[in-house]
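Lettered A, B, C and D in written order, each chain numbered from 1.
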Amino acid sequence: MNINMKSFCLPLFVTLFFLFLYVPIIVLILYSFNASTMPYEWKGFTTMWYKQLFASKEAWQALSNSLIVSTVSVFLSVTMAVLVVYNGFERLNRFFVFFYGTLVIPEIVLAVGLLGFFSLFSVSLGLATLIAGHTLLGLGYAVPIVHSRFCELERHLTEASLDLGATRSQTFFRVIFPLLMPSVFAASLLVFVISLDDFLIAFFCAGAETQTLPLYIFSVVRSGGSPMVNALSTIMIFVGALIVSFIALLQARKVVTIV
Amino acid sequence: MQNSRLYTIMMRSVMVFFWVCVLVMFLGFSHIVHFFRSERSINIFSWPTLLDVSYLERFERETGITLHVSYYETNEELFSKLRATKGSGYDLVIPSDYVVELMIKEGLLQKIDQTKIHAWPELDPKLLSLYCDPHNDYTIPYFWAVYGLGIDTAYFKDALPEVSWDLIFDSKKIPSSIGMLDAAREAVLLAAFYLYGSSDIAMTPEHIAKIKKLLIEQKRFVGAYTESNIEHLLLGKLCPLVVAMGPDILRIQRVNPAIKFVIPKEGSFVVIDSFAIPAKSTKVDLVYEFINFLLKSDVLEHHRAKFGMCCPTKKMQSIHDQTICPSDEEFAKMKFFKTTLPEALLNEIWIQLMAY
Amino acid sequence: MKKEDLRALFEKNMQFFMSIPAFVWIMIFFYVPLMTILGRSFFVRSRVTFVPSPSLENYATFFDCTYFTIINRSLLLALITAVACLLIAYPVAYFIARHVKTGKNILLFLVMLPFSVNMLIQAYSWFFMLGKTGIINTLLLNLGIISQPLHLLNTSGAVYVCVIYCYVPFMILPLYTALEKIDARFIEASLDLGANWLQTFGRVIIPLSLPGISTGFFLVFIPAFGEFVIPALLGGGKQMYASSLISYYFLTTRNLALGSAFTLLSSAIVLFVAYVIYSWLKKIRS
Amino acid sequence: MKTKSIQLEHVKKRFADEAVFEDLNLTIPGGKFFAILGPSGSGKTTLLRLIAGFDSVDSGKIYLGDQDITNMPINERRVNTVFQNYALFPHLNVFDNVAYGLRVKGVAKDIIEERVVQTLRMVHLEKMMYRSIAQLSGGQQQRIALARAVINGPDVLLLDEPLAALDMKLRERMLVELIELQDQLGATFVYITHDQVEALTVADSMAIMNYDGEIEQVGTPKGIYEFPTSSFVAKFVGSTNIFKGTVEITPESTSITIDELGKFWTTAQPDKTWVYDGASVLMSLRPEKIEISKQPQAGFANHVRGTVRTIMYNGSYTRYTVQVEDGASVHVFEQNEEHFPQEVIDYDDVVNLYWQKENVVLLER
């Protein structure tokens, strides 16, 4: 009996699971083409919401804020991560546990701590404070990834290069960086997605003026939502799919291992 | 050998200090921007739904004064920010009446010169000499609005019930599910007003206990505690009845005429947002220029049409939509959200309600 | 200290100079804020003298059943989500790891895809599923199971479903890696020794996949406890969870002292509960 | 090609808890093949890393020729290293790996091209010019690592157990190639190994290091093998029999009485001050210096009888363990000269052991 149970029930369960996973997203995408202003009845196909989305100044402002914050914090966190892994490896190795703190503590504590810290020193909330928070988040992910890749490297590569007469910076650019490149790329992609998607730190540390994409979506969805957000979500779903498939591709070719 | 170790430590601490300074510069960047703001500029701190950006640009074009507008979501945020900077950093704020009282007590505002306000004589007398600023030394009334009930008449078809606060507090009369305010102060004072006819009374522990019981009983019927999401509740047919401010219901009425705004017969609450100038602001005359611009009748009319709030000047009274901006005698029955309970107690009641 | 000595010293410590920014950043934006939370929660600034003096006054306010119901509610949410995710994810991970021969990566990719979408959007998509005129209601109405639309939105049920929906991928990945690592020979050995399929599953497969189970459990448990977005969007503001109370203190009432105290208290409790479960799982494993 | 010697004076090096070198003094002759032999953990790799500059000394000086390179940065020392696991750059192909040293110094492209081809021909790998590192075998990778180091024309080439990962046959061939390369280049080769066969075959002179990081003995391979200065060296280089005994010196002869084993003659050893009448010393006797036979032999100064306990046939020689009266066992090597030897020695046979008195070495410790 149990043989056919396994061969029948399990696949059924898995298909149900994938339905459960994908129906909400498909519905969301469908309703982005719904003509009615209120997302309740289906009034025919239209793409006006996409036009409205591209016309809305607020959406573009939120997107540009998000992109600025994400790119700057990716650049800062990955550069600092590579620097600390390459330069600090010999003597500061035992301090690397410092960086794992941000992963253990719940994110709300991080966000709240930052807000308390900024209000203590009366730092005005804005792009700078948001970048500070996201770079901190980024470091928490980038350092472990780059560090694990650096440990895999042959221990003597740096010494071999120095031994052959290269200066420390030549060693870095000719040997270490090319070898770290895949993990640096994976770390940047991951930090970029995390910073783009982050809500908690943005919610607490962004202040009222700077609205990032998640904050914009949150404020619209909180007041009942609008098809424009559906349109925006559809675009973000496809962009997300591109990024994940890209990472999957990298992983398939054993260039990068995150999971 | 020993001193080279000392030098290394010194050198390293200089390095650490260098990076800390870079960080402080990075964070203080926005402050520095404040310094370099041109002389002819004022910093405004206001509600997001009070000033229309296109009119601000028009003002900048006409007068050459650059405006730096930042927004707050709750009065508490405005009050705590102003208190943190001891009344500096902003040149014009637009607080609601109950916060004005607190600000004056803490000395965060400076006196205003009524003669500088051209539209002063046209201001509606009922908005002047409020409880929070009897002689209008510190504030100039701007827009105001009234709380009430948003009713989906389609749900009740023709059997429209008699409009009173029983509809949201008396378990026998409450329809299937209602939308309730999600702010501690408004909900608690509304409940006090329903129970004792006024929220302006000395609150004894029994009062508070009864208020708590009333709110907790009401929770069974509440579809959602929200003020920003009432559009979804009404149009999505989730709740036939919501507690809201007049302007919000007016906006929904444009989409679905069946939704009406009604002020309960027992009276209701009114919130008046008024201009005030922080204590340490040095650009008072520029601020007066901006206030005069905002109080011009055409600018007032545009903002009234866009946000649906009620205007402060008598002349505009006539073009008001009577349902959301009550006439003078009805206004007399209106109550204010005066602080009769310490804030800590308000929060405690609210958290207990939410935890329930 | 002559000029070139200084130069030589700087040269020697160049490595230190280049590796310090990351540490400074972590110190200033992680450890110092943590200290401010600690400081704020333990030190009370007396209204009069503004001299901070250590006192447990902030924590005292929380020894009251309302705050514990809030924390319990979050703990319950975290626990139920973790267990539900485990029950849903385990068969799927098992199927992909052991039954699918070709196309494993594609299935994994399909599992990961929704995860790449922002959690806000995942929550928003459930508006359309649970609304009065949403998919579920229309489906049930058409099938005649119900006469008039159910009230699904703005309920704690909606919050549970959506949190489970968002956190399932976190559980599948560690389970998948753990299940895939199990050597086929162990299963063959167990069957060879006469155990039937169910016994093999119970005695070999589950114990060997326990590391994956505990990793997955904590990847879901701790974040689910701190969940703030989904209750705010789908809970209708009716029930406060731990994070909503924290945000209430910090953003609405601006009471940073109580907020910090509650943040520490709830984090301590969730980490303690996590530790208890972790050691219980470890005991099973050994 | 100027030949530079390496001088280490009073070098002290400590790692966290244990001291590797307390007071190391060593002179490595220039232009020669110098081997450093020692058990693993004797600090020979640390010695190499000090010369290459990977680690810095706590105190003491290191000279290359007459230049003090103690605190000179790694890349400025005219010293190149061949690592035990080669450390070839995985992302560069063979050509780029070998050319790396010249490229970083900014040598012109065409000169690099020519030098690389010439060096690869030297290690017989010119066909592999554009292969990726992963495609090379262990031996080939080792030769590329060698080429990469040698192309820079260093004064000193450090080799850290370079043949450890290779099989026996390949290792022998590489040893020969290394010796030829050293003759051709004339640079000072410093060869680190724990394998005595490698050291003995390849070195012009060598140093033996013990577990405490001290240099037991420096000398030619023959000098060290035939005349070790301590039981550690004797046992570490080749295998030997060590016996404790007391010395008896008479005007015409010197002898040593091993407890319960009897009296044996040795040659006079005037240079060893600690050899005096009645001194208790150690006697080292190489197994291959002992003649083993069932029939009595004549013409040998020392003789002892014993029974054969174990026999290990090793192809080119056979190794016997003979137990003498008082229980001490003696190892004897006997070259298998003929396919069918007249005398076949079997287990539990009673045999005679003979050796000349010149083949004995007295040791102090």
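Here is the rule we go by: a contact is a pair of C-beta atoms (placed from the backbone, for glycine too) under 8 Å apart; a residue touches a chain by one contact, two chains touch by 3 or more.
All of these numbers come straight from a predicted model, not from anything done at the bench.
Between subunit B and subunit D, the least number of touching-chain steps is 2. The minimal number of chain-to-chain contact steps leading from subunit B to subunit C is 1.
Chain centres here are means of the Cα atoms, and by that rule the chain farthest away from subunit C is D. Closest to the middle of the protein, by Cα centroid, lies chain A. Chains A-C form the pair joined by the most contacting C-beta pairs. Separating the centre of subunit A from that of subunit B, both taken as means of CA atoms, is a distance of 35 Å. Averaged C-alpha coordinates give centres for subunit A and subunit D that are 57 Å from one another. The distance from the centre of subunit A to the centre of subunit C, with each centre set as the mean of the Cα atoms, comes to 16 Å. Between subunit C and subunit D, the centres computed from C-alpha atoms are 60 Å apart. Of all residues in subunit D, none touches 2 or more other chains. Contacts with at least two other chains are made by residues 16, 21, 25, 131-133, 251 of subunit C.
Among the residues of subunit A, those in touch with two or more other chains are 40, 119, 132, 222, 225.
By the document's touch criterion, interfaces exist between A-B, A-C, A-D, B-C.
Those residues of subunit A that touch subunit C in the complex are listed here as 2-3, 6, 10-11, 13-14, 17-18, 20-25, 27-28, 31, 39-41, 76, 80-81, 83-84, 86-88, 91-92, 95, 98-99, 101-102, 105-110, 112-117, 119-120, 132-133, 135-136, 139, 143, 168, 193, 196-197, 199-200, 203-204, 213-214, 217-218, 221-222, 225, 229, 233, 236-237, 240-241, 243-245, 248, 252, 259. Every residue of subunit D that touches subunit A in the complex is listed here, in rising order: 52-54, 73-76, 79-81, 83, 85, 87-91, 100-101, 103-105, 148-149, 152. Across the interface of their complex, subunit A is touched by residues 26-31, 48, 70-73, 77, 84-85, 226, 228-229, 231-233, 235-237, 255 of subunit B.
Across the complex, subunit B meets subunit C through its residues 4, 7-8, 11-12, 15-16, 19-20, 22-23, 73-74, 76-77, 79-80, 177, 182, 184, 219, 222-226, 236-238, 343, 347, 351-352, 354-356.
The touching residues of subunit C, when paired with subunit A in their complex, are 14-16, 18-19, 21-23, 25-26, 29-34, 36-37, 40, 88, 91-92, 94-96, 99, 105, 108-129, 131-133, 135, 165, 168, 173, 177, 196-198, 222-223, 225-226, 228-229, 232-233, 242-243, 246-247, 250-251, 256, 259-260, 263-264, 267, 270.
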